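Heads up, there are several structures right after this.
Common to both upcoming complexes is subunit A, partnered first by subunit B, then by subunit C.
And then the complex of A and B:
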């Protein structure tokens, strides 16, 4: 029999790998998709004072009231201050160690205030109040809301936009660093580096590719962050720019290796044809070689983008982790994978927060898949 | 004045001696065929003429090599300028991955002093000279990679001619082509000799006899025999030459 036992072992290994990958992807989707149709406050009931004319609001309006960014008046309600009462702030009104009975009577007396906004489990809700319907807009809330505050009580904000924007800043800056520098490094290694120096340089550059990202993050925190802070006179050096620079630098070995490989694969006769027509070395590089490897450069750029997009540790350490939409790269941002790393450990399994984080994972997975498929589609096909 | 003149040229690659004391001279508007078994030094000699060996590691040369009376290895000569006077065609077609038009215009654009209308003129002229114009005139924007092998090689000849060299080097230009394409290229060489001096390396004895005025036989780095092609094949002076051209070795 051909292959025999060895072949079977390899087959089993391949099958296992495939099943595990398939299972993982399935798990990601199974845990992530409920965020699209569940609501974060299914267990809560909202209520207001019976004389309050407002009977329905959407989640963002409730959040604004609780945060005191808006008043009842703004939505056509009474001209009184908002008194929010929910599980996370009940301790403001009762002393520590109060009995359930004492808590209930405190809630009952708070409910008599005209400006009250109650968000409580049904059994704690006082009798003489008016129910308030709070609309949750589902996937629109996730993809169009501009705030990320997934543990905010009683109504969390789970807009992915600030996180997507964070990833976008970091990736764009990273690519602006890695693409030109990676090409330059490869051209230098192939065209100008003396042979005796090539191997030492190449070894260093491969070593750089193997540096654990936490080391790079630490170095960034100690060296690059203060530098950025000083150069741009910022109050904090943890910005999108800092993370982008470090990620671009970190991805350099990958980019440079891919471009170098493509440059070395240019047929020697083609190169000689250019020289034979009276081209200088620079003319040959700029007019023949770089155009020739353009598909490889595109592939390498997409692969580098995938790497930057998926990188977690460095971004977590130096980006400032502020999930607020940044309009300049000198603001702290938070990227997708860093959010997962920072929050997944704290989100109770099965909670709405947990589902949104998995949905974030699904988005990250799809973006990376898109980059890799594009890289495959633009790969070089000549020769 | 000779078009090409070699005086006691020797070449080393590191410690390996590739050419040993080669001297020959070639008149203007003649075709010189370089023949000999693999590794005999004929390609090395060809590539000396446009200084294509310069970048090979360990390359060293002694003797004098003159083109139009000028020592092309003197320090004042810039190989980049030399190569605009000495065109080269390789053993395989080497079209660039651009359009047909841009391939022919490549060498012209390097010099940055021609207007686009002049470039267009020169491209057409070169394609006509290479007997390719009629086949591609309607598809100049098409990728050169879409042409057949024979067309690609004629495109490479046009590309070399567009820069207006006076000496054309051909390194086994038909070794990768079918017999019909080969015949077309040979016919082309025949026509080109009216305006150009051509040095061609070939493995094909019949080809050497058909296209050349002069033939040089190289063996183990030395020029064994050099003379008019007519005499060369009918009445070789050297026994090694006779053995080679009758196919007894090589």
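And then the complex of A and C:
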């Protein structure tokens, strides 16, 4: 009977894994999904001058007007300059410490300009203006917009594409480093490393795997970044290439140990028959061993990809963090995890920005899950 | 003639894999050596025992060290108990094969989730939903969840490595399953279980992403008095020093000192764990 209770406790501990995964999924989705159906400016009302013929725009167009990239004329409006008035730039028109009454009267006089574009809470909106409907395209803004500036007032840009592109660059470069070099390290450890050096080398691999990522990021920032800047004659050394190289290097122990394990699991009989037929050591490695462990190499590659995609600190510190789509690896990029780390601390809980970041977390979670589950599915069955 | 050429190719290939292997290790030496070289002159008794002063430009890093130790302790104690118990269940008690497979699959899945995602989870669950706020407890629990897969897998391996003959002898003498586990299996497996805990400590100590939103304070040069307070931590302090200090160049020496402290603490744990593991492995082979 006593054993029964103890066993229950142990079973409960094992079942916490379910709890963690479901809790994690549940909370990520709960906080992330509102970004798909809410709009970032629910508390604001938009309005224009009554003589302005425009009555509806989409969010991107409003952003372009506020940024002065476009004029009213471009959307069929009057040929006047855009005067944007919103909470983040109201201090341009009133002196510091103005009373609410003064602010209100300033807004009222600004509203008489023909080119005015107001984005204000309903109680501050002057009466004699024409409401402007601003369409928010929901998930299309998130998955098809190519801009990321989530705190831009009054209409943020929350396109995931630049971030996904940044993660793609970093992961591809990281994999180009880790896959060939990791395989080479494993082959060396199995075939050529003297027995006396085997344990010291394995311990060094463990140290490499256990190095805090913030330290690698720091070293990268102080040593690798200036080096990349000098070698490629760039204005800044924080690029996708820098981050990719460091990520590739730090994932080497994982890749190498997985491949090594697979190499050691090859039946001796196969190896010996290869040698018996007169094959040399390298012929055996290249024509027998590596093809034989191809499923293991695929698994290891997928696991390494998951690790690289999710690694945060190194990317945050050495990739330059510029949320602009890059077409060469020598440009600064911003990856998914780095965005989370950099911005979540500043996003008020429950704000649209907060929900967007959680949705980004959902995307990152699903991508790594996909990689890990595929790694699990392609794993060799006999091992 | 072709044979000779083949030999040269083989030699070249061997050379290539050796250079790659030692090159990767050389980079490790570069990282450790560079930080040790630049940080050694900064670290001293006062650096390790005094709080920061003058906006992190002067003084020591003691609050960050203490904070890191607190959070790591919470994580390893909570994670250690749950992980060891779960590992014991999987190795010794799980009779339902399907359930066991499912849990093992979950452990693999959890191991692959990025640490920053655990940070999001910790923020949503512990900080916001449970109302713990940014606190040592919230950060420690987040890190405990993060280290669970490593701890469960390690404990499971440790218990499975105990020779079945010993367990069977105990059962044969009339001991119950639980008695056998507590008096035979657990004591024999303990060194390996503890090795896993040491390894997890080293990992948790250096984790940065999960603590960003769950516990870390930007500048709080006092010692935490309870588990419900935020605190400074070594990895986050290092990050702050090099990326968002008032004058980054001025805080560089402090950054190198912090980096070296963190590196030494984390290396000490990883190295101990690695040493213990290889010693245990050798012992079991004989």
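Methods note: the second predicted complex is superposed on the first by the 373 of 383 C-alpha atoms of A that agree within 3 Å, B and C clash if a C-alpha of one lies under 4 Å from a C-alpha of the other, contacts with A are read in each partner's own complex, and residues count from 1 in each chain.
The rule is short, and it goes like this: a contact is a pair of C-beta atoms (placed from the backbone, for glycine too) under 8 Å apart; a residue touches a chain by one contact, two chains touch by 3 or more.
For clarity, every value in this text was computed on a predicted model and none was experimentally measured.
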Partner chain in contact with A:280 - subunit B first, subunit C second, else both or neither: both
Dominant contact partner of subunit A by residue count, subunit C or subunit B: C
Which superposed partner A:377 touches (first subunit B, second subunit C, both, neither): neither
Contacts of A:288 with subunit B and subunit C, given as first, second, both or neither: first
Touched partner set for A:199, first subunit B, second subunit C, both or neither: second
Touched partner set for A:231, first subunit B, second subunit C, both or neither: neither
First (subunit B), second (subunit C), both or neither touched by A:267: first
First, second, both or neither for A:81, with subunit B first and subunit C second: neither
Set intersection of subunit A contacts, subunit C complex versus subunit B complex: 280
Residues of subunit C touching subunit A in the complex: 6, 9-10, 13-14, 16-18, 20-21, 24-25, 27-28, 30-31, 34-35, 81-83, 85-86, 88-90, 92-94, 103, 105-121, 123-125, 128-129, 145, 148, 152, 176-179, 181-182, 199, 202-203, 205-209, 212-213, 235, 238-239, 242-243, 255, 259, 262-263, 266-267, 269-271, 273-275, 278
Partner subunit A, residues of subunit B touching it in the complex: 50, 52, 57, 80-81, 83-84, 87-88, 90-92, 94, 96-98, 106-107, 109-111, 145, 156, 159-160, 163
Subunit C-facing residues of subunit A, complex: 2-3, 6-7, 9-18, 20-21, 23-24, 27-28, 30-31, 181, 184-185, 187-189, 191-193, 199, 201-204, 206-208, 210-219, 221-223, 249, 252, 280-282, 303, 306-307, 309-313, 317, 337, 340-341, 344-345, 349, 357-358, 361, 364-365, 368-369, 371-373, 375-376
Residue ranges of subunit A touching subunit B (in the complex, touch as defined): 195, 267, 269-270, 272-280, 283, 287-288, 291-292, 382
